[in-house]
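Structures for review follow.
Both complexes shown next keep chain A, but they swap its partner, so chain B is in the first and chain C is in the second.
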Partner chain A sequence: MTRGDSLSRRLLVWLLLPLLVLGSLMLLQAWFEARRTADRAFDRLLEAASLAIAEQVQWQDDRLWLDLPPAALEMLATDAEERVFYSLVDRRGRMITGNAELPGDDREAVSDDDTLLYRDVTWQGLSLRQGVRRTRLEDWQLREPFEVRVAHSREGRDALAAELWRANLAMILAMAALAIVALLLAIRTALAPLTRLRRAIRSRDPRTLAPLELRLPRELAELRDTVNDLLARMRRVRANQERFIGDASHQLRTPLAGLSARAELALRQDDPVRWREALVAMQATSTRTARLAMQLLSLTRLANPEYRPERAPLSLNAIAREAVREHWTACHRAGVDLGVASAAADVEILGIDWQLAEALGNLIDNARRYGARHVTIRVGEQPPSLAVEDDGPGIPAARRTLMLRPFHRDRDDLEGSGLGLAIVDGIARTHGARLAMSAGPGGVGLRVTLRFPGDTP
Partner chain B sequence: MSPRRPSMTPFLRRAGRRRLAWLLAFPLALPLTFLLAFSLAIPAVHAEESLRYPATPGGDATSALVIHGALDLPQVRPLLDAFHRDHPQFAIHYRNLTTLALHERFLKAPAEADVLISSAMPWQYRLANDGQAQPLQTPAARRWPAWARWRSELFAVTFEPIVMVVNEAIIERFGEVRSHADLLALLERQSESLRGRVVTYDPAISGAGYTYAIEESRLSPRYWELVAALGEAEAALAGTTGEMLEGLIEGRYLVGYNLLGSYARERLADHPRLKIVVPEDYALVTQRLALVPRLAPHPEAARRFLDYLIGETGQGVLARETTLGAIHPSLEGPGTAAALRRQRGEALRPITLGPGLLATLDDLKREALLTRWRREFMRRQRR
Partner chain C sequence: MTLLLVEDDALLAETLTETLRLEGHEVCHLDDGSAARERLTAPGHGVALVLLDLNLPGCGGLEVLEALRAHDRATPVLILTARGAVEDRVRGLDLGADDYLAKPFALDELEARVRALLRRRSPAAELTVGPLTLDTRQQRFTLQGEPLTLPPREQRLLACLMHHAGTPVDKVRLAEEAFQGDAMGDNAIEVYVHRLRKRLANSAVALRTVRGLGYLLEAQ
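After this line comes the complex of A and B, so read on.
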């Protein structure tokens, strides 16, 4: 689950990262909040102490007078034993009394009345929190303004802030733990259908091609349907194969049975002349059977999607002429006129020469067998094409596609395997070419055209 | 006023004169004179008393150790002897100074001394409060009772009750004097026969006296009754415990009020007629405060010494061989805070080591208190 690239890890990372950032922000915020709270709490001490001092300020002998209450200073120190500073400053900013010349606070008072200003100061290298109380003596006649400045070090505040923060930290950590647990559960739940799909596929009988029946979320249902489509295609392919094998064995069984019967018949007789006749017939049959087996073999090879032979540049004119040269004798003997109509320019395609030769051979053979008198091999330029035309009986348009099926024969009376056109179709597919059948020139006969994908100049 | 004791006359004369003169001089009292006044029990005669211990070259690296203390040589010697025995690598130089000299010297040269020991609690506290002390982080320091230290910078090392000294003659004539209440009753009843025979601190010239006055006035308003009674009996006012003890030993005074117990015990050991009374109703307890200055030249040695001083060894020496009173909680028996507490219990009022001490140092506060003190002291005299 954690090794390599994994969906759950991706989810975990992309959910945890924002969570982590969010958590850090919360911790930061909690720290500032804790400090603020601690300051608020401890500023009350500054307030109380400065008030206690201010209350003792009097006007005596024409000057400010203070009977400092020790409790006011003790108030400023908590268990944290803070350092404590105070000073009393008159209207001109002169220090009347105190244990430290604390700095003033330049901020404007909000009101003319009693005001208290807090801030953090650094005094002689000590980090202090200072409270400045601006007030005035209210006597019968006298209104003398003065300032009481008190300050203490931050130990108590820091301790309280740390304590508050730790409490928050515990809460945030607990929340984070819960969030992570929830996250893990959510990821597991979300990915559970995937596991079910995997299990369903793994637990199938390897031979079955039945579609997957499984309720899945939408995203995975699409995947399941795609797999089912693939399975359906494979089912069709297998059905084809099974039929092909059935047909092939049937096709081979017939001539073999014929051979066997002929031999048996011949063996019952003693006349060597009969034997010879039987042997001649048997030889013809076995030659046909051998050819059939050859065709089956090449069809199988063509049907094999793994088989991808190297393609080389070929001249279609040369292929056509070569085919004529090869089949001319046989045709001539059968009284068929075989010719070639080459293209004016040389047409080149990428292809496999022996396959094209085989395709042409099959087409010529078919034409001859089905009673054509004239057969022409035509090379086309735009797009590059090879066509075989004959003036035989032709095939009605409705049945032409059927002819591409292996072992389908238009007429049962003629000898032939029914594989010829199927093989041509296979070769066309190997070359990425389209096989088209139409009527021959003048509406008679048949024209079979291989149109190669055009690198049209 | 015996001519055979010429050394005593200046004190007496000065004391007598002062009683009249201070009324006039007082408003002029400045912060500096206040500082001047903070010479505690040490007679101001010696210019500089000091003790030196050479370092014994040993395995450890030698180091100097400079101690400034307001602690008489007989009291400090056993402490230093024991420390030097255990740590011969330190070349110790102890200077015995008055609390005033000690403080001024520190302000002038903050990097001179490694350890300051002084009974002027407010001043020592102020130094620590201002961040002039460095913390001592040792197990002994952490175990030290919280009431006897401030942060880990300031340590109370002694436990010295403030006592009365009563001549047996008084007890024989007027009965026991066991408490402040007894003393007040005695003064009020016998103000005529005790006229001029009672001695106490002059808070105007003695910092210690002033500190006690401030603490006592915070404890109870009845303190002012006592001041008035002392005034009525025309009590003599002295600057140091030493002065008071001299007068008591000579028989010029029959009752001494607010003497430093540790010095009284030491000086009166062979004067059985003079009885030391730790008051039963309340007894202030003063403590000598020790600190290591932030700029101490030999901080390591200083920390070792302070650690020793608050450790069981140093406190043991303090309990056995001095009259200063040991604080260490695990020590029992005579000369310890524990023993004194058992004897007086709740009545003991150690001066709180806290920011309240800073109020003691406030100039206006001092003026206000001394004005009040003077008024109370003169109240019945005027009548």
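After this line comes the complex of A and C, so read on.
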């Protein structure tokens, strides 16, 4: 598992990303909320100050006149030392008095009565919060509208908003930290069985094929069961191999014991005629043993599922003829007539030439060994097939499949290794071919046929 | 003519040396791959034929073969090996070996191959199958010391069989050789074989039929 692609990292990223987005949104929302709260609190001051000023406006000498109460402005300047501005404006928009010429507010008042409008303004480079109170002087002979405009800079509001927001920020950060810790713990807990499984597999002795025994959550239990299935199959393969090795060792030891015993016996005797007999017997046995060792090697290679040699287009007629050329002399010496019956047209299959040669060699050898006089290799066209027919004693139908098992031999068979047909069967399987045994021509002897799938190249 | 035997198994080496000496060859035996490579890469190694095992201590047989073939393509090499598969045979022959014997082998088989390889090295003026001989330069046959005169087609047929004595020869190949492109019936070759058989009757040479394949000439 590389660092770049780990399950815990994936989980962490996909859980943290939404958490991060959510946290940012909450912070943003907290900021706006803090500002709104600060504005609400300070707007009350604007309201109180403007009201205090409006109450002091009087009508003297046919004009508006204001005696500014100092408390009105003091209430706007809090600890934050804001700058405070006010102006009194008459119905025609002229400034009557004030310390700054504050801009008006164009918005229509909701009612004719006394109203107060708040807004944020920028005036002479200063960011201000302004309240405009529209009201009028009223008595029984006079009805004079005017505006009181008050404003102060934002220091106090910003300080309050920041303070409120900081309190929120601390809480949100604490929550985020808690969430991340919980997340990490959850991921670790969820992935812990995976770590256990990995440790269990890593700490195993590579030679054991015993099933994995550990309790796991459902998803991983399925994985464990799959691995256990594979191990079970491997156990069966290994049991087969072990049986095969045991059989092979037995098969090789027996003739070697015979050789050694025969030599020992001969050495006890003085008669050269006996020596000669012993040597003849030992030569036959050693040749047979060497052949057995070779067959064991072939069978082991065929049984190896990793062994997949390249298949090439082959002519079955050529393979059959080559086999006859190779084995004719040996057969002739043993008094066996070996021949070939080629197909009229050339039959091509995809195959491995030396394996087919070995299969035919084994079948010819078997036929000769079991007392055939005439052996024919026959090439069939539809479907492509290779058959070896003989006129020997044959094999009863009931025992034919038994013959394919390695080391299986008939009781009266003293010569054979019991591997020949197993090898042929293995070769048939590498070629995807079917091995069939039937009685030879005219119901006499044996015919062993390799029927190839029709995969003409 | 020295034969070089490279074989590490003591019993087999001793037996082969003895056998080949009895055949009248001079045999030099080495049991180590590196020594064999040294001997064979020396200029003028004076070896007429190499009998080479593949599983050798020091340096593998195929490496010895490669080293030899790098500078000498003429000296025949006969591979002896316990690796039975045809695959290995193909590899050996690809590297320039001339023939191949899988262990275990019969001693007569070994003797026959050695004879054939030595004969191939110096194309013999004379081919012999039992009592039958062929003077290859003059295309003249002798059977049991008596000259055997044959019409041209039978001559070519018999010469071809003698060149491949002991191994079955394909009918098609024989027909090509004997008739040299003349279109003859399918059974024409059988007629000529029948005639040859009659001429060779009562001699120790047999012309055998290989069912479905062709014919083979061998000494009885």
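Definition applied: the second predicted complex is superposed on the first by the 311 of 457 C-alpha atoms of A that agree within 3 Å, B and C clash if a C-alpha of one lies under 4 Å from a C-alpha of the other, contacts with A are read in each partner's own complex, and residues count from 1 in each chain.
We adopt the following convention: a residue touches a chain if its C-beta (ideal position, glycine included) is under 8 Å from a C-beta of that chain, and two chains touch if they have at least 3 such contacts.
Since this is a predicted model, take the numbers as computed values, not measurements.
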Practice prompt. May I ask you to decide whether A:V347 touches chain B, chain C, both, or neither, giving the answer as first, second, both or neither?
Written response: neither
Practice prompt. Quick one: classify A:L68 as touching chain B (first), chain C (second), both or neither.
Written response: first
Worksheet item: Should A:L435 be classified as contacting the first partner (chain B), the second (chain C), both, or neither?
Response: neither
Discussion item. In the overlaid three-chain picture, which partner chain does A:R325 touch, first (chain B) or second (chain C), both, or neither?
Written reply: second
Item to complete: Examine A:A30 and indicate which partner it touches, taking first as chain B and second as chain C; both and neither are also allowed.
Response: neither
Worksheet item: Touch check for A:A290: first (chain B), second (chain C), both, or neither?
Response: second
Worksheet item: When the two structures are overlaid on chain A, which partner does A:N99 contact: first (chain B), second (chain C), both, or neither?
Response: first
Worksheet item: Of all residues in chain A, which touch chain C in the complex?
Response: 286-287, 290, 294, 297-298, 301, 309, 321, 324-325, 328-329, 332, 337-342, 353-354, 357-358, 376
Fill in: Contacting residues of chain B [partner chain A, same complex]
126, 129-131, 150-151, 218, 354-365, 368
Item to complete: Write out the stretch or stretches of chain C touching chain A in their complex.
Response: 84-87, 90, 102-104, 166-168, 170, 208, 210-213, 216
Worksheet entry | Complex contacts: residues of chain A adjacent to chain B | 65-74, 76-77, 81, 83-86, 96-100, 124-126
